[in-house]
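Heads up, there are several structures right after this.
Presented sequentially are two complexes of chain A, the first with chain B as partner and the second with chain C.
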Partner chain A sequence: MILNDVAPVWIRICLILVLVSGGFLLSSRSLKNLVRTYQFQSFLLVLIALGLVVLEEHTILLLVAALTVVSKVWGIPACIRLIQERIHIQQDLKFSYLRPPGALMLSILIILLVYITFAQILEKLYAASSLFFLGSVIGVSLVLMGLLAVCIRRMAISKVIGYLSMENGVLAFGLFVTELPFFIEFVIVIDLIILVLLTSIMTVGIDSSIEEYKSRLEEFHLLSEEGGIA
Partner chain B sequence: MIGESFIFALLNVAFVLVISPFFMMVIKKVKARVQGRQGPHLLQGYYNLAKLFRKETLYSEYAGCISRIAPYAALSILLVAAIMVPLFWIPEQELVTANIIVFLYLLVAGRLLIALLGLDAASTFGGMGSSREMSLSAIIEPVTVVVFAALVYVTGSFSIHDIFRTATTIFPAYNPTVLLLSVPLFILIIVETGRVPVDNPETHLELTMVHEGMLLDTSGRNLALFELSHAVKQTLLMAILLNIIVPAGIALELSVGALILGGVLFLLKGTVLCVIIGLFESAYAKMRFFQIPNLFMIAFFFSILTIFIEVML
Partner chain C sequence: MIAVLYPVVAMVILLLQLLLRTHRSLSLLGVIHPVISLIITLYFIVSPGIWDDSPFFLIDHMSLFVMLTTSIIFAAAALYAVGYIDGLVRSGDLEKRSLRIFYFGFSFLLAATTMAIFTPNIALFWICAELTTVLSAVLIAILALRATIDASLKYIFICSTSMLFSFIGIIFLFEAVRNKTGVGSLLWTEIVDEAAGLDSGMVFIAFVFFFIGFAAKSGIVPFHTWLPLAHAKAPSAVSAVLSGAILNIGMYGILRMTGIMKETGVFGQVSVLLIVFAMITISVACLSMLRQKKLKTLIAFSSIENMGFILLGIGIGSPVALFWALFHMLSHSCIKAGLFFSAGILHRQYKVPTRTGEDEIGDLLLLQPFAAVTVMAGCAALIGMPLFPLFLSKVGILLAAAAISVWIPAIVLLLFACAGVALLRFYLPVMAVRFPAGEGPVPYTAPLSMKVPIVLLLLLSIMIGTVMIPGEEAFLAAAVADLGFGVQL
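Our next item is the complex of A and B:
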């Protein structure tokens, strides 16, 4: 009984912290902090999933929580840290299109836009449960904020964290609105993209930006004479 | 009722004046300890003030009436503001309207006086400090307004007394928006009191100083008054944060026991907050001038987020 009362409050706090971490991913310049924030964000999603287990009694969510702990709280951050140790880069100071203050302003507009749109689309959900409505708004906002991070960051490793944050947004949205099999499918697709991106960056040089990628390929003699990848 | 309000005003102002230098020293002590130094004695702030009050006040040959009036006016303004912000006791009736917008105007008035003082002595550093202060002020003021707007939106009142009274009924851990508000309020303390990473109150390096630049030509009693006003301003802003996030112990009725408990608890909470500020200052380097808006933007982001979340919930 007590758990049932505490769970909604707990979920609300975690959801807000998820959004805060999204803002931090847009503004932080330290690569270490970026990874830590992503790890924290993933951990919050685990707590949200556990809160939903109490509320909804869907035991499959326990599996989702366990999977998230293994992959996003432990596995992926450990992998990125390993890469960071090798490349000896502490800061990401390169931005395209927008600087962090502008990105934060834009993210405020994004949240507002998502809220207004969802208030129309998910009118019934809003009437039924403000918590699930909040979860869906924050989930989609996080996806768009992750996308924004991908767009404004120039260093490849920061872009990867943007992608990972997008995936966390999908997970948050999936937890509150969509059916589970659909969201698992979607997450796997995004995971594959991240995997490919990570692997290719690791092969060629993680410290380069996407724009510098071709020159880096040439440097490592990975371009054929016709211009394709050898 | 009126008698109670007068007692409140006297106690609150006296308490602010007494504890403010102590809080300043706690921050200095924490910073020193982090740097591996012994640091000043916790009562050093009082000794410094006593010393400055005894010293002769010198004025620049170009100084006008502003240099003579500003120290007293700045402290008076902040003491009026101190009547608006209950530290350890919320009386049933307000002696002066504790409107949060009036409080903001008082802070701005104090800032304007110090900026005028910087210009009045006609020194290069003073002018530079005033120029920087006003540039920062132009950016931080809209953010401050939004932070307080979020506060008003969450608590549903413009009166600081009512805001604190509402906070006592909210358990912060159960109200995420109140927790969220703590971040912009903390940033506001850092910015308004000119602390690292915005300004460094302990340096007189011409390239970086903002607040100290304006006070460079001030001496003796006037400097003591400014030091005290600065400390009072910090305590008032800290009180706003503390009495919203951790309102436990604040007295709601006039009784000796409740007042002592409220005072002691505020002192403890304030000391903890000072330790956090000291650690925060030690963890960050001073920001480049044109990067300071980034910090303001974070405060703005959190305040807007607070309003959004309050609307959505």
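Our next item is the complex of A and C:
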């Protein structure tokens, strides 16, 4: 019974923290921190799934939580770290269109816009305090913040993290439609395929000569401004 | 359950491609797969009695029509690839170790496309559509050049990020059905059945999100930026498949979703949304074509223009407009694939564009008379000359558009004129270029396997442009009816 009372609060806190982590992904310049934040964001989704298990007793969500731990909290971050080690990149200092402060301001506007739009459209069906409403607003906001990260980041590897954050937004939303667990599971698989593909494309130059590899890194904006590998 | 042959054949072919080693056997398997798919599809089309209510396949006129287009294009591309890929390997442009990846990716792409078309489940459709993005990206990057990898990355980022929005749309649609019936559904047919009473606000959000992803997949502006790069940089056999088959998958999703919207109270808004995006797409594509100096990029922008035109037909939403939109889809696929094949021959002849970014083509009729004539025929077909099928569909859709506003056909005709000028402005001067004596390249002899599919596609285009094949009209009308748009023509 106590767990049933605590779970909604627990879920709400986690959802807010998910948004905060989305903001951090927009502003962080250290690639290590980017990966850690993504890992933390994914872990928050695990906590939300567990909260929903308590609240709605859909045990299939346990499987989703387990898959998320294996793939997003552990697998994908490990894979990205491996790539980082191979290409010796520590920081992402280049941005297109918007600098982090501007991106953060824009993301606040996005959240407000999504809230107002969804409140108007969904008001007949859901109370503003319902978990589905909150999940949809925060999920879609996170997707848009991830998209912002994909647009403003210039390094391919940071764009990948932006994409994965978008996917976390979809997962955050999908968790509240509890009849769809297999759906979410498939997304994770597709996600992994895309990541493996991107990884292999980015590391394609490793077999080439050093000059050719450098030029390929330049192409993907993986070189620092000074010309050396950052 | 004959439909089960599609995945079974695909699995056998993929397995054999993993086991067999020689180039000849890999390319032969690459041809066999789409040809068998084409035969199965034709068998289905002529035997409506065997379409059963299998829970695993959605066999109706609409899905069979898209599958027919897909298998024709894949079969032609596989045949073309026999000589084309061999040429790339011989010239060192494609590494031998990449051969298996190419053919495996090609067959897997056909399998994923087939499953996307026939799956009755909207979520599985999304997954298969995503798979086609990943596999297409592999094929685009197969030459492992800087430009192809860049194009491939751009394609993945734009399409995959957009497709995530479609996913949100699907969740909203599921939730809308659950709100009405108490049990959510992801089946196309069940959602159509329940569509009439769904909450209008929720289904409109669902449509908008869904549209973003599949508009990106089919190159609709402003989600089109990946397309000119990807189609231009990919090997020509792949460009043909991307333009003639994969873009249609995006349109197929939009068509099915619009069919659901037809039953809801928001069809008016959806129609306006589609028409606005269609007009923007046609405008941007036609005006961009005027600036292009490379043949493949020019053809790629023409694909965007034609996708915009199909979207216009869908947006108008009358049975006649839908009929011609489907007709346009088939015609465009055949013509565009043929044009990319011809462009591939020219690319093999002239290889690298100049530093200014222009194609350095000269002595065209002397060096490549076959490609010169087929490119000319393809350009005439794209402009919408009579005898070619795009003439009929353009007239059909524009007449249907006039019923909404005469300004729509007026503006579109003006834009089509721009596209025509762009094609002529590129091609006519190229025909006149002569290399100084002794400085021209050595003539490239295109193998027969590269020429046959071009001729076949051109003949098919002329045939569907001049005669109504028995049963064709009824079949297309039934496909329109499958979408929920009635049968009266």
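We take it that the second predicted complex is superposed on the first by the 179 of 230 C-alpha atoms of A that agree within 3 Å, B and C clash if a C-alpha of one lies under 4 Å from a C-alpha of the other, contacts with A are read in each partner's own complex, and residues count from 1 in each chain.
Rule of thumb we're sticking to: contacts are C-beta pairs under 8 Å (C-beta built on N, C-alpha and C of every residue); 3 or more make two chains touch, one makes a residue touch a chain.
Here the structure is a predicted model, which is why all the values come from computation and not from measurement.
Contacts of A:G139 after superposition: chain C is touched, whereas chain B is not reached. Touch criterion met: A:I16 reaches chain B, while chain C stays clear of it. Number of chain A residues touched is higher for C, counting chain B against chain C. When the shared chain is aligned, no partner comes close enough to touch A:Y97: not chain B, not chain C. Legend: residue contacts after superposition of the two complexes on their common chain; A:K124 is shown touching chain C, with no touch to chain B.
No residue of chain A touches both chain B in one complex and chain C in the other. Taken together, the chain B residues at the contact with chain A in this complex read 173-174, 176-177, 179-180, 183, 293-294, 296-298, 300-302, 304-305, 308-309, 311-313. Within the complex formed with chain C, the chain A residues making contact are 118, 120-122, 124-125, 132, 136, 139-140, 143, 146-147, 150, 156, 159, 163, 166-167, 169-170, 173-174, 177, 179-180, 183, 186-187, 190, 193-194, 197-198, 201, 204, 215-216, 219-220. On the chain A side of its complex with chain B, the touching residues are 9, 12-13, 16, 19-20, 23, 27, 99-101, 104-105, 107-108, 111-112, 115, 130, 133-134, 137. Residues 123, 127, 130-131, 134, 137-138, 141, 144, 146, 149-150, 152-153, 156-157, 160-161, 164-165, 167-168, 171-172, 174-175, 178-179, 183-184, 186, 199, 201-202, 204-205 of chain C are the ones that touch chain A when the two sit in their complex.
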